[in-house]
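Going in written order, the chains are labelled A, B, C, D and E, and every chain counts its residues from 1.
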Amino acid sequence: MRAWKGPILASRLIIEEVEAGYGAVRVLHGVSMTIDNGETVVLLGTNGNGKSTLIKCIMGMVRPGAGTVVLETDGVGTDLVGKTPQQVVDLGIALVPEGRRLFPALTVEENLMLGAYRPAARRHLDANLAFCYDAFPVLAERHRQLAGSMSGGEQQMLAIARALMSEPEILIVDEPSVGLAPILVSRMIAKIKELKERRSLTVLMAEQNFNQAIKIADRGYIIVHGEIAFRGLEPEALRENELVKRYYLGA
Amino acid sequence: MAAKAFWPVAIALILAAIGLTQLLANEYYFFAAYVVLQFVVLATAWNILGGYTGYVNFGSAAFFAVGAYCSVALIKAFDAPLPVLILAAGAVSGLIGLATGYLTLRLKGVYFAIATLALAIVLETFITNWDFVGGASGTFVLRPKEVWLFDSYIKFLFAVMMVLAVAAVGIARSIERSKLGRGLAAIRDDEVAAECMGVPTLRLKLLATTISGTLMGVAGAPYPYYVTYLDPLSAFNLSYAVNAIAMPMIGGTMTWLGPVVGALLLGTAQQVATVTISSELNLLIVGVMLVGFVILAPEGIVGLVRKTIRRGRRR
Amino acid sequence: WGPGARAADPIRVGFGMALTGGLAAAGKAALLAMEIWAQDTNDAGGLLGREVALVYYDDQSNPANVPGIYTKLLSIDQVDLVVSGYGTNLIAPAMPIMMSRDLVFMGLFGLAVNEQFDYDNYFQIMPAGPDPRLDWSRGFFSLAETLAPKPKTLAIVGADAEFSRNAMIGARAHAEAAALEIVYDRTYPPATVDYSPIVRAIQATKPNLVYVASYPPDSVGILRAAKEIGLKARMFGGGMVGLQYASIQTKLGPMLNGIVNYDFWVPEPTLNFPGINEFLAKYQAVAGDAGVDPLGYYLPPYAYSYVQVLGQAVEATQSLDHKILGAYIHGHEFDTVVGKVEFGANGEWARTRVLLVQFQGIEDKSLEQFTRPGSRVVLYPEEWVSGTLDYPYAE
Amino acid sequence: MFTFDLLANAIVAGVLLGGFYTAVSLGLTIAFGRLDVVNIAHPAFVILGSYTAYMVNAAFGVDPVLAGLAFTPAFFAIGVGIYRVYHASFERRGDESLRGLAFFFGLMFIVEVALILVYGVDYRLVDAPYIGATVSFGFVGVPMRMLVPFALALIMTIALQQYFVRTFMGRAIMAVSQDRLALQLMGADPTRVKQLAFGIALATASLAGAMLIVIGPVEPSMGRLYIGRVFAIVVLGGMGSVGGTLIAALLLGVIESLTATFYGPSWAPAVAFGFLLFALAVRPQGLFGR
Amino acid sequence: MNPPLLQIQDMTKRFGGFTALDQVTIEIARGARFGLIGPNGSGKTTLINCVSGVLAPDGGTIRFDGTDITTLKAHRRTRLGIARGFQIPKPFASMTVRENLAVPLEYAAGARIGPGIEDEVGEILAMVGLEEKAEANAAGLTQIEMRKLELARALAAKPVLLISDEAMAGLSSTEVDDILAILLILNERGITVIMIEHIMRAVMRFSERIAVLDAGRKIAEGTPEEILRDAGVERAYLGE
């Protein structure tokens, strides 16, 4: 599926000692993590612990008070701090945001087209569109429906498809399972895995649904009160973790 | 203003206004003050629908003109006295407000605003073609020669407008502090949610359009006696629609005080500009004031003052 | 305040004038003329040995501003004399103020204002005549009588506004008197963009005469539509405001040929009043900068004259007492740049001098040709006639 | 009086008029319909367009429409400038639309006064070879003075429509008022998108102004007459739909023309706006709204 | 026997050519805890919109407490005792949290302003854990707090029937437990509760009966155990 992409770029995301917050409220306290090329990393943490804030720091939506966020492509580092979201997107990082943020008064197809706004993605617009319709047939079926009138699950699919349209190297998904029917949660997680493989993506996923997330994760971080409580654990280690047991496995 | 002080202050204002008519001989001030007070009523009326309920009325001029033309018709037909004119104008404009409500309140946001604009044009066309009230050629309205207590008619009109302004502001203020006011605010914030919280949105909106329409008509009722010559072009003048929106915006739309402050400020500025700057620059001043105030005081002057006070306290 | 100091004070003439809004084109031109008058008067030693000064405010073409402006002028600025702004709508709101103070009030182009107020000290400089509504179109219909064969049908069209509706009332009365059948009688709103549907509907009634009472933009629109559609009539025009303005004439050019229309002054030999050319020269020298009508034949001479009348009355009576002034103006004839002016009991001109003129021999769009005699010949009234009617308007 | 000839001519005249209305409204369709910027001063800018066309026409005898075209970049720049002020003072703080209304009212007065100060208050007209000429198709006569604006309006409509649906920037303009952040996540800068769109909106005023002065004389305060009609068309057209604007404008033009021909022009506004009210009552989202 | 509190009969709703609800019939007994589940887009929110009066159905009837309310306006239904929260929170943004609660208290519950209303507000806020935010502006709340406000407002309407549309989406498991506890307390006080939720753990624990929608049709109804065993439900909703 990557035939058109030329040489595969190796992208890594390196986050170091990031501090961030909203106004006077500090939310992140010295967070560090790395996401290696081709990995699926899951960021675990219950509500309000700072998952979305960390993602916003990567995307340039929140400016960290301290620390660095570096995108390393084939060994060349780019500092993401101080970049606007559109610049970050241009560098090949796509986000499926919390709450989906579709364009409700545009059709499904128009939403997808906008996903390919980034100059690098425009060339392959048709192929990418075909890919998305193939991955999510319901979108093809409803391509003229207004995005705002789709159901929650349909909207979630559209949001992911739209992010893929920008042909990212790194895909960040903030809580893909929120509001989805159980059957869709597992399908969505499987889909992300499938997309990742078909597109050779690097994936960062914030998720609360531990059981699902762990199915596709290579590694996981747990964030508690804005600090990384556990870093880089393999799925098995995660399952054995006390925190996880307490919060997710209902033990 | 402390809650209890309002009505005593209001009555004192009216008495002071009447006293002033007996003491001050110079008529000019009453002409100018009449216009400013008329805008207080108009702005307050607009704000009940626009500020409290969130429905922007572009057609204020039409309600005002209907009030004025209602007076003209009654003067022509029965030579009715001013109190009757005011009541009748209020009733007719209120009814039109109610009808507008029924017709347009399914519409949201800009659609509502445009519907009121359309309504104004339709009404203007009817007045233009209604020869009994002068039609397009306009009509002369002669003031009664004498009035009780006042040595000139304009002083009387001024006192009347003072009473109307105080009444309008009083109504707006009590709405704001009542259950009705909270219901209207809920509509403004989210109509579907308001309905689901038990707010009878349609009824409240009709109430708001009716009250707002009534007050605008009331503002227009004495106008024929003020200008003595009325034609549709001036009665439906764009300046009423502009001022009715701009004044609350400048003063602040969230409280009853906002439109009052805005009307006093912009109205007075317009009056002063008209008689001091004898050129097109007075229009420029109005324009610059509008642009300047909305940029510098985004929540209106009242909002700005509140914020400053709050900040001062915090220190 | 000693008498010496008082005498040194200028005599102040107050008014409101439309400097912005829809009537500003006329208002600004009038103001220019009045300033020339003040200059002329002061150059000649002023009035009563005092300078004259104009005190004026912009009424923004909005009647609502008028009462305030005039009370301010009278009670705060304490002006000695007052004159009106331009147009009926802006004259009427000042009337009650004048009446309550018994002031002489010179009016500038208001139609039949005094019919309602019946105020003794109101004087109107517009030469409409004792019965303004009828006199307005008298020329058009008198001339129509003389056509051979006699016209039978009439179409009337006009704008939904004060002047035009009044002019139409007069036209209907004349039509009735002349037993003309009115085959079309409609008004249109001022905001109309395209006049072809209206002209076509008129065309469909095949009228012999078309009487139009319109304002500047509509005059142009109707005229262009008439040309484009090829409107046929024996006489076309009558009460079209705007065709008197040079800025419009120079754009319409030959399209104007054949139109008959009212006017108040044209550069015909019969109307060569003393002082008019001097006045026009001064006006035209400054008109360009002020962005008003470059030739200024229509309104400016009258705007000059209405203050001129007042000035002459003051000089003649040596008084600023309005009672004395009013009585004097009623009883005397005035020599102005628009000729001899005499007012009737209702304050209108004692005899009408609404001219009916016809555009003839317009070849191109140059300004110069409109300054030449013969481009607009006077057909009515008898006394001022300078040419003969060309008809029909179009085959 | 009813003849087929009159009817045909009335409809044609209405369609042509509608074309002109389209041109005047398109800028607002973009600004108001797409960007949520209540630019009530748009008609005032159209008048400004008339005056610039007049100026060039009077000075150099250049065709007014060409002059209008030549001035589009200048208007675009004005639009960008206004949007910057608007953005800095309102959008960044949220709750813009109502306050923006007062801002644009003020702007309308400022433009009007500027015109008076620069050009004076006299009526202005232009010269062009097609003014006064007529082409006939059978018994239907088509004045060139109306046909040229109509054709131009059609071109403008098609060009804008294609721009919106075919280009990435066009689609971004359609999306920008719905969710700024989401647009950023697509890699677009919403402020620049809006700035560009507002510039385009104002650039149309230059062309529309040229058409206006081709059709008839212009004076500085004339824009006020168009406010009602222009907003009515934008709303009827479904807020932001370019095609809808065209159809709504044609409808309004034809209704006005038919009323003027057969019932009396005086009632044309009442009928046209009565129709708008009726249409809104039946379809609250405008005739062509989504 | 008393009639059921809510009877939804043959409810049908179409959007253009698309049928979102297809002859859905559901009865809910007084005092019940009722779960409504179904895949995304199956029509749950649409059904609730029809019940609360936000949407007008194209067919079918709704009876509440024995009376037909199919054509009643939304606010009348609220006064009868049907209250709901919104899946996407719709706070009154210009008001404080306290004022947000005052609206349903005044309009739906008919309480008068006075010391009583303050107690009510305090109690409800305490129940949902928003007491510290009473004077905060509703627009400034976080997503979770808005969800809680949504629930609090529904409670302030003093409902007989409370409909909670995905009040727990995105909440942590402790918070889910908190909300579950609130709903259980309310139910003990006699309030009938309809819960729409994708969090199976919560739905199964809470509900006495569950209905399952799929593509606008009701495909199953029964006790949680029955639902879990239903092959059709597994295929359409639960998976695996």
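In the analysis below, a contact is a pair of C-beta atoms (placed from the backbone, for glycine too) under 8 Å apart; a residue touches a chain by one contact, two chains touch by 3 or more.
In this text the structure is predicted, and so the values were computed from the model without any measurement.
Of all chains in the assembly, those touching chain A and also chain C are D.
Chain D has the C-alpha centroid lying closest to the overall centroid of all protein C-alpha atoms shown.
A separation of 54 Å divides the Cα centre of chain A from that of chain B.
With centres defined as mean CA coordinates, chain D is found 35 Å away from chain C. Centre-to-centre separation between chain B and chain D, using Cα means, comes to 31 Å. Separation between the centroids of chain D and chain E, computed from CA atoms only, is 47 Å. Multi-chain contact residues of chain B, defined as those touching 2 or more other chains: 125, 128-129, 280, 283. Counting partner chains per residue, chain C shows two or more touched chains at residues 19-20, 24, 160, 187, 189-190. For chain A, no residue reaches two or more other chains under the stated contact definition. Every pair of chains that touch is listed here: A-D, A-E, B-C, B-D, B-E, C-D.
Taken in their complex, chain B has these residues touching chain E: 179, 182-183, 185-186, 188-190, 192-202, 254. The touching residues of chain E, counted against chain B in their complex, run 52-54, 73-76, 78-79, 83-84, 86, 90-95, 99, 102-104, 106-109, 113, 153, 156-157.
For chain C in complex with chain D, the residues that touch the partner chain are 19-22, 24-25, 27-28, 61, 160, 186-194, 196-198, 200-201, 204-205, 216-217, 220-221, 224-225, 227-230, 242, 245, 247-248, 251-252, 255, 290-293, 365. Here chain D touches chain A in the complex through residues 168, 171-172, 174-175, 178-179, 181-189, 290, going by the rule given at the top. Chain B meets chain D in the complex at residues 50, 56, 103-104, 106-108, 110-111, 114-115, 117-122, 124-126, 128-129, 238, 242, 245-246, 249-250, 253, 280-281, 283-284, 286-295, 298.
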